[in-house]
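Take a look at this one; I'll ask things after.
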Amino acid sequence: MTEATLTHLDEKGQARMVDVGEKPHTERSATATAIIYMQPETLAMIVEGKHKKGDVMATARIAGIMAAKRTPDLIPMCHPLMITSVKVDLVADMDVSCVNIEATCKTVGQTGIEIEALTAASVAALTLYDMCKAVDRGMVIDQVQLMEKVGGKSGHWQR
Amino acid sequence: MTEATLTHLDEKGQARMVDVGEKPHTERSATATAIIYMQPETLAMIVEGKHKKGDVMATARIAGIMAAKRTPDLIPMCHPLMITSVKVDLVADMDVSCVNIEATCKTVGQTGIEIEALTAASVAALTLYDMCKAVDRGMVIDQVQLMEKVGGKSGHWQR
Amino acid sequence: MTEATLTHLDEKGQARMVDVGEKPHTERSATATAIIYMQPETLAMIVEGKHKKGDVMATARIAGIMAAKRTPDLIPMCHPLMITSVKVDLVADMDVSCVNIEATCKTVGQTGIEIEALTAASVAALTLYDMCKAVDRGMVIDQVQLMEKVGGKSGHWQR
Amino acid sequence: MTEATLTHLDEKGQARMVDVGEKPHTERSATATAIIYMQPETLAMIVEGKHKKGDVMATARIAGIMAAKRTPDLIPMCHPLMITSVKVDLVADMDVSCVNIEATCKTVGQTGIEIEALTAASVAALTLYDMCKAVDRGMVIDQVQLMEKVGGKSGHWQR
Amino acid sequence: MTEATLTHLDEKGQARMVDVGEKPHTERSATATAIIYMQPETLAMIVEGKHKKGDVMATARIAGIMAAKRTPDLIPMCHPLMITSVKVDLVADMDVSCVNIEATCKTVGQTGIEIEALTAASVAALTLYDMCKAVDRGMVIDQVQLMEKVGGKSGHWQR
Amino acid sequence: MTEATLTHLDEKGQARMVDVGEKPHTERSATATAIIYMQPETLAMIVEGKHKKGDVMATARIAGIMAAKRTPDLIPMCHPLMITSVKVDLVADMDVSCVNIEATCKTVGQTGIEIEALTAASVAALTLYDMCKAVDRGMVIDQVQLMEKVGGKSGHWQR
């Protein structure tokens, strides 16, 4: 049995970008989500009334997509990879007063793309915070988590 | 009474970087937190045994600090500002099997530094995810939230 | 009479970032424009019918704002400065089948902000190209130019 | 007949980075141009006399090449790709008092490289503006346009 | 006999990113070193006593790894490539009062990875300088050099 | 007597960006040098004969200037600051077959600018390596060191 290990640490516990050069190029995708809770009045400002057609959701969507591409600049041991697709969806839920964010990234490469999807969802949520903070400082980002990954040696994983 | 508005939108609802040129330069600080939940075995790998002195916590701490400086590159309407201090603390909680992350940023400037603190906490959490994902894909980042801000026209705010 | 000189070259003609440390901090703003010409069918896809509420204009607007912040990374001798405001407007002109782009940037600093405004207008135009290139490769970006600058030693300038 | 569509928008008109994972890796190249018009005295300062051997043209050439590599950071829906070659030529035209800029980029990949060539030409032109703005604020950048593309499913395209 | 040439210059001596599109994708690795000399008291602060378990070495290691990924942003004619592995080792030498830095980078690609390894070693050394400059401004970085490269048309090279 | 400490570490030895918010804004400058040794034939290719007017020196100069601006992105605990001037000089020494690089940076701010000058000199040297590596892999970068700093609480320092 192979013992589970933290691959980005060497035998001395020092950080390294683990060698993936031997791994085959395969199609991979990952979907991550985040939820941002806010005051009902804040959510209403985004989805109806005065700012209905405003750029809030679009700004968060675009920020999430761009952040996926910047992931290796932000996450120290993350390998660069050629993203072939990014999609960020934001859906307002008026009942529990939140925005549900779902990000899906794809690549053909030697490493998984989970961290890119998580980064896209996180930065989309942070952008919503930034766009609304003047009216609601108490917003909370929750459940930033991987929902599914496809491809790679470890295969299919689903929450 | 002034109506609350989303300052990064103009009267047509279009995104803009709101003008802060008239605001005075004042000392500001902000503290944000995030929590990342993981399997007890994962947490144990970080804080004791084999990788006790390993770089996992240090990598997350450094990634959070560097991300604070990259905030205006990530968050579309965020003003650039001169960060004067960043501190990211990570504390393992074995009882509930999580790492508590707290980031504090300071500046002397015309806009608040809340989003920088939230970004630092988020990226530190994402980095922990990246460092441990080979052994635990189900980790969840929760409660990314502002705890306190000091300075600026809106004054002191505390959760 | 002082002879006009290219300030970013030294006496040997070598590039340098000219010293502005002695200049006072003053309020400065600059407005630049760009025009992108396209097929009437392309323009129609953006402003009416199927994609009427689509993200094309928002994506260009946000890209322009973010590019203004990246200007010192792109333009070798450009000084970093603290942008206090960016606004990018895009207006479709159905008569001549183009989109008129206007970018205004402000700062309080030691150097002008003209190049930031020109970069914002250029990148907004390039983003429109990217968003529409699948249907119209022949689009042309024209008249990228400064319209007005205010503040600084050279004072007010208007085209 | 397939209806022409804006590929970076989904069926709801929301921006996404369109999926290119199924497309084959092929050799691709693109050539774009830009023209910057300036006062004859400004052009003379660059190409003859005092600054004849100066760094103005070299600075613009290098800025254009570096900008090609930064394109996915600037253009929100642009896919990252592995540029295999960039060339930026600047030729002064004393008769009409302008500099003609031509940028050619190549890659082997799943998406075209047109936007990289256009970005390289644009940033080279913006850099010339920055280098000369102290003596000539009225310079105009015109005809930023694709001249030719080779490779990819849509094949050869020429203006 | 082929005359040796500077490949990043064209026949007119102008900088270009040389075309590597025809070169095969091969496995490549490169190892570079750097040495930073400091006062014995400075070195002692890093490796023993008060800061024994401190983050100085980890910060330098992580900075070097991240810098390897940023190399094409820093070195104008450097091709982007997909790094598959980075390792940065720092070893204190109390006898000559220095830290020996060794960086190894790997890729599968069309160009060599020497400059990435040299950049990683350099930035790790600069980071040590930054971490210790408050107590020792006179530190010197020496012998930044390639030790070995493997793969590519020019084959194996060793100092 | 105040004990000398590594300011970027807290009392637990954890990396932080030390708080400079209380420090006054003062004029500061720093000069750093680097030397790159190469084969006489390599140096001859840069400074005479075929590539005499080539872009090698200009490319290194521009890369160094741009790197100074990127310093806080590269060096984890380095504060962002507003550089007001950068100058990078490269002088070939045919006698010992090397290029001497000297970088001077200035700012008005709360922290020193030594690390920016050292980064500019290092990246200029690395760029020379990159431009010439096709003909000379054995080049060595030596004596990357601070020569002088002016301003700030610690005052004037000279090697």
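Each chain carries a letter (A, B, C, D, E and F) given by its place in the written order, and its residues are counted from 1.
Everything that follows uses one rule, which is that contacts are C-beta pairs under 8 Å (C-beta built on N, C-alpha and C of every residue); 3 or more make two chains touch, one makes a residue touch a chain.
Quick caveat: nothing in here was measured; it's all calculated off a predicted structure.
The minimum number of touch steps linking subunit C to subunit F comes to 1. Contact with subunit B and subunit C alike is made by A, F. Interface of subunit B with subunit E: the two copies contact each other largely through the same residue positions, with over half of all numbers used appearing on both sides. For subunit B, the chain whose average C-alpha position is most distant is D. Each chain gets a centre from the mean of its Cα atoms; for subunit A and subunit F, those two points are 36 Å apart.
Chain centres here are Cα means. That of subunit E falls 15 Å from that of subunit F. A separation of 30 Å divides the Cα centre of subunit D from that of subunit F.
Residue positions 14-15, 53, 55, 58-59, 61-63, 66, 70, 73, 76-77, 82 of subunit C are each in touch with at least two other chains. Taken pair by pair, the chains that touch are A-B, A-C, A-D, A-E, B-C, B-E, B-F, C-D, C-F, D-E, D-F, E-F. Residue ranges on subunit F touching subunit E, taken from their complex, read 4-9, 13-15, 41, 45-46, 50-56, 58-59, 62-63, 66-67, 70, 73-78, 112, 114-115, 118-119, 122-123, 125-127, 129-135, 137-146, 149, 157, 159.
Listed in rising order, the residues of subunit C touching subunit F in the complex are 10, 14-21, 72-73, 76-77, 79-82, 109-110. Against subunit F, in their complex, subunit B makes its touches with residues 27, 58, 61-62, 65-66, 68-70, 82-89, 106-108.
By the touch criterion given at the top, residues 53, 55, 58-59, 61-63, 66 of subunit C touch subunit A in their complex.
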